[in-house]
Structure formats: C-alpha cells, structure tokens
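Input: structures, listed below.
Both complexes below contain chain A, partnered by chain B and then by chain C.
After this line comes the complex of A and B, so read on.
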C-alpha cells in the first residue's frame, strides 16, 4: 500500500498543475487577443457571481450540469461511455414539456408530475442505450450517439410540428408554458426545488458509490466486467441499472431546463450540458464529491463569458476554450503523473 | 488521501476566487471614476445603449445591419454601445434574452434594442421586469394598437420594422428579368407572418416584371419556396441552407433569392458560377452583402436601421420616448440615402444593363404609386380570396399574411 500514497499525492498535484497551466495558456490567448488577462478573469467572476440575479442564473445553469454529471459518474464507474446523455436530457425535457403543456393540476401537481415524467423519459432512453449494449452488442458510444440524433429529431419535429406556435413554423421553440408550470422562484430566477434536486443527486450518487454493495459491485464491473462476472456479479443487470440511473438523472436535468430555465421547449434544450458533463466528470476523476465544485467552476466560466463580449469585445467562445484547455491539460498531466507513478511503483517494488 | 486531494482543489479554487475578487474591487473603482468624469459632456455622449443580436455581428446579413446601425448611433451621438451577439438558445443556452436585458440595464444601458423576431418572449419579459428602461423589439408588433398582439401594459417597449415588401418586390423583379430557365427559388427562413409577407412580395415583384417588361406568360414562371426552419443555419436542427441552395440549382433554378439572415445562397451561386454554370443570387438584409460573390449578385434589398434608431435614441435623451410601432418605408426620393431611407436596394454586378433599365422603371413606378402590387384580385395558395378585385390591402392584411399566394410552390405553414 505504501507506494500508492505518492500516486494520490501526485494526482492532487496534477490538478494544481493543470489549473495553473490552463489559466496560463488562457491568459496568453487573451493577451494575444489584446485584452488584459486579469480583467478577463475578473469579468468571468463578476459576470457569474457579481449580482444576485447573476448568481441565480449561474446556480440555475449549474443544476442541470450537476444532475447530468452525477448520472455520468454512475455510468463511467460501470465502465460505460454514456455519450447518449444529451439525448437522455432531451427526452426528459420532452416528457416534462408534455406534462407542462397538457396537464392542469395546479403548480404542485404539474411540477411533481413533470419531474417524474422527465425522470422516466431520461430513464427509458438510457435503458434503451443500455439494452442495445447488453442485448444487441451495440457499443454504448454508437448506440448513445444514434439515440442522441433520434431525440434531437423528435424535439425538432415536435417544435416545428404538433407543438408549434399558432401560424408559425420555426425551430425557435414552443410557446412559453403557462406560469403554473414554471418552477417557483425566489426573486426572478432562483428555483429552490431545482437546487434541492441537484444536491439530492450528488449526495445520492456519493452515498451509492461509497456506501453500498451496489456501488462496490458497479465499480467491479467497471474495472473488469469479465472478472466481475466470474466472481458471480450479474454484470448485465448492473450495466442496465447504471444506464437507467444515469438516464433518470439526465432526464431530471432536462426537466429543470424546461420548467425551471427556458419555460418552453427549444431544440437546443440540452444546452450541451451532457457533453460538458463528460468533461466535468473527467476532471473530477469520476468521483461524486468533486462534481459540484468543478461543475460550478465550469458554469461560472460559461455564464461569465458573455461579459467578455459585452465589456471587452472578446469573442465569448473563449469560455469554451478555457473549459476545454482545463480538461485537456488535466488529462495530459494526469497521464504523465500516472506514468511517472508507475515507474515509481516499480522502483519501490524492486 | 482523498480528503487531502479535495482540500487541495478547494484551496486552488479559493485562491483563484480571492485573486479575482481582489482584482474586481480595484477595477470597479476605476470604472466609477471614469464615469464620473464624463458627466460634464454632452447628453448624447452619456447615452449607453444595449444592442442584442441574434446572429454574429459580422454575418453580412440581418445582425450586421443592426450592429452597424448601432455604430451609426455611436458616431452621430458619441453614445456608447454595449453589444452581445449570437443570442439564441442554440449558441447561448445559458443566456436567455431577458437575462441579457437585465445585464445591460445593470451595466448602465438606458435603452435596449432586441433585434430579432426570435427574441419575442425575452423582450416582453425583459420589458416587464425593467419598466423604467425604454426598449425596442425590432420586427415585433407588441406596440401596434391595432395589431393582433398589442400589449398596452408595456409602455416601454416599442417596435421598428422596415417596409421590406418594397425591397423584396425589387429583388423579385431583378430575378425575373434575369432568369433564363424561368425558375426562381426563394431560400426561406422559418414560416411566420413576416416571412410569408416577404416571400409573397418577392413573388409579386417577379410576376409583375416577368409579365410587363418581358411580355411573358405568368404561368411560365416557376416560383418555389423552401424553408430551412430558422433565421440561419443551426447544424442538426435546421435544414442546411447550402444544401437547399444546391438543390435549387440542381432542379433547374438559376436565380436564388435569399430570405435568411446569412449569405449561403449567394456563396453557393458564386461557387456554381465559378464551375461554369449560369446562375445568380440576391442576398438580403445588409448593404454590403453582395461582396461575398459580386459577379453573380443581382443586387441586395437591405435594411437601414440607423435613421430610426437615431430618432429613438434622441427621444430617450430628450425624455420624450414613447413606445410606438414604426413600420417605415424607403425614402422614395433616394432609397439609398443613409440618413433618411429605412429600406434600400443596391444593384449588383451580376445585373445586366437591360434588366437594370427595366428595374429602374419598376422602382420609379413603386415610388410614384403607379405600381401597387397589393391590389386584388389576389388569392391565397388554397384558392381562398386574399384581396377581392380592386381591393387594396391594408397594413393589417399585409403584416398578418396568412398564406403564400396562389401560383407559388411551397409550404404556407408546417404540415
């Protein structure tokens, strides 16, 4: 065991190096574009947390990212590359939109049903990708990607077809939902129910992975499915369960997007949070405890980056560049450290 | 060890946060100082206005036309523009329009322009939340007392739109005078009242010139409309305008008229012409749009938002702003006068000399009122009557056009 300590030590160090390198690289880019790096980072900070409304907006963007990321921790732990998370968010959003448009049970009734419907929508879509993997031997990357396209096709069809605005055929979005179907807010934006859902998801996934046999077996399946099967774990069940849980959480993310943020269904309802969630989970090294702060950091960059255009005239895609660089550098540094650690381990054993 | 790793991450983030916060305080003070020094300057120089664009500010189309109107205000008044482009759910899922409005107001904007049909929900909500801030929702109709969607409660949200029907009639005429195959394609965005009335105007202009200047049978003019589903290309969501433009040319169309915010129609025409084909295109929205392929460009109908936006800004400075609905035509004395005309047309290099002469006659006819194409009998696509014989269309009838016209090929609404 002793030789493992340095490995973990290096891992923590690698995060530090990665963050420093990414910030350095971004500063260089910004400086080349003719802006002050310090001003840029100040605006990112100010633009995401500067006022109560901005903070609320950041939190409301954080919620779906955390939900999707929490689900991805489960699927990644099971060794599944759940690229279909985007489609699962979309299917959750569609199901919740149906409730918001069609059901008239008062706010409490609509919201409860919408969350359950969104959860079910995402769950089924995740389960479908899982079934394709387990029973159809379709790799979950390809199955998931295919199902992403189907979900996007369906949302575009609904928006421009059956759920279109009267007299209009536009992929812009549906009519806003009736106000009874909006998540209640404190102030203009902040919906406590959404925040509670996100916190429950993180705590739930953390507990599941750290404190249960289910989590332990899931990790065993993820580490080596064949060995897990040989020691008696029903791997298929665990793979399907992981996809179902991951999909359900993604579906709730979609629900929050429609009834808590956009208040209508738009084709880009996933917000790209599924793919961004993959980056978050990579940076978190698949651990639930890290998701909330890393997702918050990412969201601060996304939300704050519009200030870079507003105030500095910079292209706001710089936010995406920072996020991408961070993950890339983290993965590179992590790989380099792991390699060094392996050599170190060999040396210790010698 | 995990706890320690977490601790390190928290420390890193906290240090970053502290640095950022510390810098933030410094800079905020500087900004306040700068603002204080300008209080003695002329009133126009104090004006800060927000400009929200749906597409990129350099799209050579709709958004650039608005952006340059904002620059015009900066020049004329010395005002300061705060601009955010690409505000749409696909490009900025985390930044809804009402949030941008709140941000701009917080940043000191005393006037905000929300410049797209797509911003309807956000503009209405943003105006509701900031009732003391004058705003314009361009191309909208919430301030039209006689309109279908009048919102008497929003006393701070006015509308501006150009009477692009004229520009589109001119575009249709130029296309009809040029086509050799008798097939014109209209590259449409999404389907709504605005896009139907503009497509219809193109058709009316084309049919008039085809019949009156070339002496052809209107039945021989094939006019088809293909809608991509949004104002510009969103991969995976809309149809790809490049593909649609190529399909048009493959089907025998030799002139494409664009109704979308961006210039794919013209770009494709330029590529096909470079490959030896005889094709042309008419872009839209922006004065400089022909530049992408000048040799195949017949001309461009464009918006000139500057003059009206200047009046609005001046009214805000004077404290006389009222939220009204302005639907502004060309200045017929000189439709390309940058200070007076809200809608213009510039001939392109691709327009032949004979066609240019006829087009000039057509424009003169529109100008003196001798040509009015919105006079019955005109039927809708399903055969129902749009305008009875001799009936002249009202603004209401034109604005809220329900269908494409009889004789046009294409969808009037989604199936």
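After this line comes the complex of A and C, so read on.
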C-alpha cells in the first residue's frame, strides 16, 4: 500500500456543495421511508440543542469524539490508518474503570488517577499496534483491527465475568461506580473537566502540528517515509510516537465515556466514536483546527437522530447515513476540484 | 465428524466468494476496503428483494448490483479523481453499513425464502467426501466454482496473466497495449459482484434472514484473509475454511458447562484467533523463514502486487 497519506484538497465551495448534496440525498431517503424531510431536520436540531439538558448531553457526546479525532489527526499526519482507535478507546475505558472501582482516594485523587490510567491504557494499545507495524511489518489496519477484537472480547469478558453485577451477569454493564469516581457536573450532565480535556487536546494537537519540529518531521514521515529516512529522520520513532499519542488521546476519550457519561463499564463503551472520528478527520482534511466544529455537527446529527426513531418511526441509523454521505460527497467533490485544478494547470503550461 | 466438516464448508462459503472477489480486485491493483459495508448492504438487499419478489435469483442479482456499484465508485474515485482508495473505501464501508440498517428495518425478523438444497446425484454417495462436498445448498457449490474458476483464470490463462500484469507493473502492461485503467474498472466491478454474492449467500443461505449488523466484521475478516492468502485464491480459501472451523468450534463450545460463564465472548473468539493467526503469518521473521526455506516458500512468503493502491497515469 504505497502513497499512504491521502491527498485531499478542500475549498469552502466544495464543502457547501457537499452539504447540499448530502442533504438532498438524505431528504430523498427519508421521503422514500415515508417521513417529511423538513420535520426530520427540525427534530435533529431540536433533539440535540432543544433544551439545556439536551445541549449538555450533546456536549458530553462531543468530548470523546473530539478527543479521538485529535489523536487521529496525529496518526493520519504520520500516514497511518489507525483502525485500532476503537480498541484504544476501549482499553482506556477499562483502565479508568479499574481505577474507579478499586481506588479510594477521594474525588480529586480518583479522577486524576483514572484519567492517567485511561491515557496509559490507550497509549499502550496504540503502541502495540505501532510496534506490530514497525517491527513486524504488520499493516496497521489489520493489526489494529485484531487489537479491536481483543479489546471487545476483554470488555465483554469483564462485564459478564470478574466485574459482573452483584448476583446477575448481564451484558448491560457493571454496577455503577461509586459517586466519588464520577466527573463533577454543572447541572445534570455537563462535566467541565471533560470539556477542558477536549479543548486541551485540540489546542495541543494544533500547536504540535503547526509550531514544532516534531510536527513537521511527522508530516515528512507521513508524506514520504523513504525520503524522510534518507534525510535523517528516525522514521520508526516517529511512527511509534504517533501511535502512542493517538492511542493516549483515544484512551482519554474512553475515560470520559466511563467516568463522565456512563458511570459504569458497558460492552459498547467505545460508542463507535473511533470510526466516526476517522470520518471527522477525513472531512476536516486532517487539520486540527476544523475537528472541533465538524465533530460538533456530527454529534448533533448522532444525538438528534435518536429522536427520529421515537417521533417519526425512522431507524436512528439515518444519522450515520447523513454523516457517511456527507463525507463521501465531500471527498468526491474535493477530488473532482483538485482534478480540475490539475488539468487547468496543464492547459496553462501548454 | 462428516456433518461437522460439511457445516464448516457451508459456513465458509460466503467468505470464499468475498475473498475471491477481493483477490481479483487487488490483483488488478485496486483495494476495495468497503467489504464489510458492501457485504452488509448486499445481504440486506438480497434478502429484501427475495422477500418482495419471491425469487432467490433476483435477490442474488440485486445483491451483486449493489456491491458492483460500490466497487465501481471506488474504481472511479481512484482512477479518475486520483483519490486514496483506502479513504474512499473506509467511508463507503461505514455508509453502506448504516444504509443497510436504515433501509433494512422493515425486513428484520421476517421469514423469507432461502437457497434450494441439492444433493448432487452419484457424487454425494462417495463415502466421506460426498457428504462433505456434495450435499449442500446451491450457493455452496457456486463457491467451489468461483474458487476454481478464479484460480484457473488468474494462473492458467493469458487474460489472467494480463490481470497480474496490470497489478504488478501497470506501466509495462500499458506498454504492451493493455488498457490498464479500463481493465482495472472491469476487475474491480467483477470482484464487487462476487462480494455481492457473498452478502446474499449470508442472508439467503447461511443465516436465513436479516437483522441489523447481520454480517458485521465478516468483511474485515475477508480482507485480512486475502492478505493471509498472499493474493492466491486457493490459499485464501484455506483461510476461509480455517475461520469457518473456528466459528463452528465456538458454536459447539457454547453449551459446554465449563464455558457457561463466558459463552457471550465465544462468538468473538474466532475473529480474535483468526486475526492473530494472520498477524503471525504476516510477521517479518515468519516471512523471512519462508524465504529461506524453499520448500515452505510457496506456502509462507507472499508479497502484495507491486502496483496495489497506486494510481496509473499514462504519461
């Protein structure tokens, strides 16, 4: 698999065209399914931003998606397809759950330790996929996928086995953690610490990629690993570092999921945010500056779409359809514009 | 014993279609990463079409059409727009999976028709082999045919040699007068058609019906098996049967009392074991072992087609 880092060119125009086409396609689908498209989009808006509680819910869903996406910006920059991101979220969640269940140090102590544990869990899982790639030449897509399956198996095992609820083993999750291990909230749901973590991740990744030699070299490795090696960059180290950072941020996303949102460990703890994050980063054309707003838009769609099944009888997967169509169209339109630009340049040269 | 092996052969049949299809596309130099979503959407389409029309044949055709469209889209994005195949394939896999949930909702849990069973006369009376190979549903026989046809085509015909050429050295193939990009379209779409058959074989044969995420992760396993198979259809089929065996084993262990507490993770185990078998085979030292020992070389060492994932541009 050569030329690893996808080259995508985006302009404001292509994004608008993409949004319009995606909305058109989904309207058609919704109409075919027998519902009103306008009602659908109104419910998406209402369901995600309608009340203070819904807004808080949306923000708390936004946090893990942004954290995972920020990590993916780093791995994509190094030219890596970190499909293992789902497993890294899960391992972060498992590590944080262990702290939340076993450690008794008061709220501040538990939360600090849980975040560090989650970070370490994701980091090690990311590093493992990185090591398989660097030292074993196992393509990171399949190494990561394997580690995803292992993480899924492990979380199911913990939930029905050693960490099962008192008396009954069910896949609905462990007992809720003690209150001291919950992230403190304003109102019912909004946990400021989680939001701060997300903002720090975005700012940190932005600064790393825009303002440091590390970021510059990482991009060189991603653009052409052979050339980067020839000019003296230790490519292995950079690939491993990218997987470690990506995994660590995914691990923090898992931590926020367990101690800030679910307050227990459930089998589907990753929430699919890893793969959704890949879509976010593709739509953001790998730039940290765009991931926060795009992730927010995506989360509005995801959260809002759960309303649709209740109110309109539509399957909530319509949210995923909208997101997928949007990214597909954006990538295609971007490619088409870049193609036209290339042809234009050739014509001028002639 | 015979019955168990026959079950393994039947369970693995859809994967054989999918891996053969993906092998053909990748041999031509195009990675169709959308398999997981393509199989889901094809499974849903195949089942729904058969449910509505009552025709299994139409179900398979509709399923093929869906995956062919997806494959054509990947070829188009790669060849005309010079987009990254992995990126477009990944987006399509998620989109197709969501579409299958959305569009398939009315068909969850309904009972439909399935592929007819046919005992091959005479052949099925052969002791052991008859039961294992010749007492199946029609789609299982189709998987044998697809496998044999792909092997013969790729390695024993002139066109097959051309197919390898456009994947290995597109520039040289072009210089020999082969329309590289047109052929890449063709083989990617043919591969897509086989992936579509895989989907329909799941919903109309192996799993009898449709529910959300019916075939989740089977597409990823198929992609991994193609690599494990070293882009050789017969070796890939061996991987499919190994995975089928793991699945049947997990199913058999579920009622065993020793595994009662962890029976929910048994269905995940085949995926874990399979991927790690592949990872080990894939590891550098293992491949070098294959290269050092000529007797094992054919079995162990494998290199991807040199032009895989790369856009061919005539200068």
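The criterion applied here is as follows: the second predicted complex is superposed on the first by the 337 of 350 C-alpha atoms of A that agree within 3 Å, B and C clash if a C-alpha of one lies under 4 Å from a C-alpha of the other, contacts with A are read in each partner's own complex, and residues count from 1 in each chain.
In this section, contacts are C-beta pairs under 8 Å (C-beta built on N, C-alpha and C of every residue); 3 or more make two chains touch, one makes a residue touch a chain.
The shown structure was predicted, so the numbers you read here are calculated from the model rather than taken from an experiment.
J.: So in the superposed three-chain picture, is A:61 touching just chain B, just chain C, both, or none of them (first/second/both/neither)?
T.: first
J.: With the two structures laid over each other on chain A, which partner does A:29 touch: chain B (first), chain C (second), both, or neither?
T.: In the superposed model, A:29 contacts chain C only, not chain B.
J.: Report for A:136: first if it touches chain B alone, second if chain C alone, otherwise both or neither.
T.: second
J.: First (chain B), second (chain C), both or neither: which does A:318 touch?
T.: second
J.: If you stack the two complexes on chain A, which partner ends up touching A:160: first (chain B), second (chain C), both, or neither?
T.: Once the two structures are laid over each other on A, A:160 reaches both partners.
J.: For A:293, select first, second, both or neither according to whether it touches chain B, chain C, the two together, or no partner.
T.: After superposing on A, A:293 lies in contact with chain B but is clear of chain C.
J.: Scan A:152 for contacts with chain B and chain C and give back first, second, both or neither.
T.: The answer is both, since A:152 touches chain B and chain C.
J.: Contacts for A:171 in the overlay, against chain B (first) and chain C (second): which applies, first, second, both or neither?
T.: A:171 contacts both chain B and chain C.
J.: Is there a shared patch on chain A that both chain B and chain C touch, and which residues make it up?
T.: 5, 8, 149, 152, 156, 160-161, 169, 171
J.: Okay, in this complex, where on chain A does chain B touch?
T.: Its residues touching chain B are 5, 8-9, 11-13, 15-16, 19, 23, 38-39, 41-42, 44-47, 50-51, 53-54, 57, 61, 149, 152, 156, 160-161, 164, 167-173, 176, 188, 261-264, 266-273, 287, 289-290, 293-294, 297, 299, 302-303, 306-307, 309-311, 316.
J.: Okay, in this complex, where on chain A does chain C touch?
T.: It is residues 1-8, 29, 33, 81, 132, 135-139, 141-143, 145-146, 149-150, 152-153, 156-157, 160-161, 169, 171, 275, 278-279, 282, 314-315, 317-321, 323-325, 327-328, 331-332, 335-336, 338-339 of chain A that touch chain C.
J.: What part of chain C is in contact with chain A in the complex they form?
T.: On the chain C side, the touching residues are 31, 77, 80-84, 86-88, 90-92, 94-95, 97-99, 101-103, 105, 212, 217, 220, 223-224, 227, 261-262, 264-265, 268-269, 271-272, 275-276, 278-279, 282-285, 287, 304, 308-311.
J.: Sort out for me which residues of chain B touch chain A in the complex.
T.: Those residues of chain B that touch chain A are 1-2, 4-6, 8-10, 12-13, 16-17, 19-21, 23-24, 27, 82-86, 89-90, 92-96, 99-100, 102-104, 106-107, 118, 121, 129, 189-193, 227, 229-230, 234, 236-238, 402, 411, 413-415.
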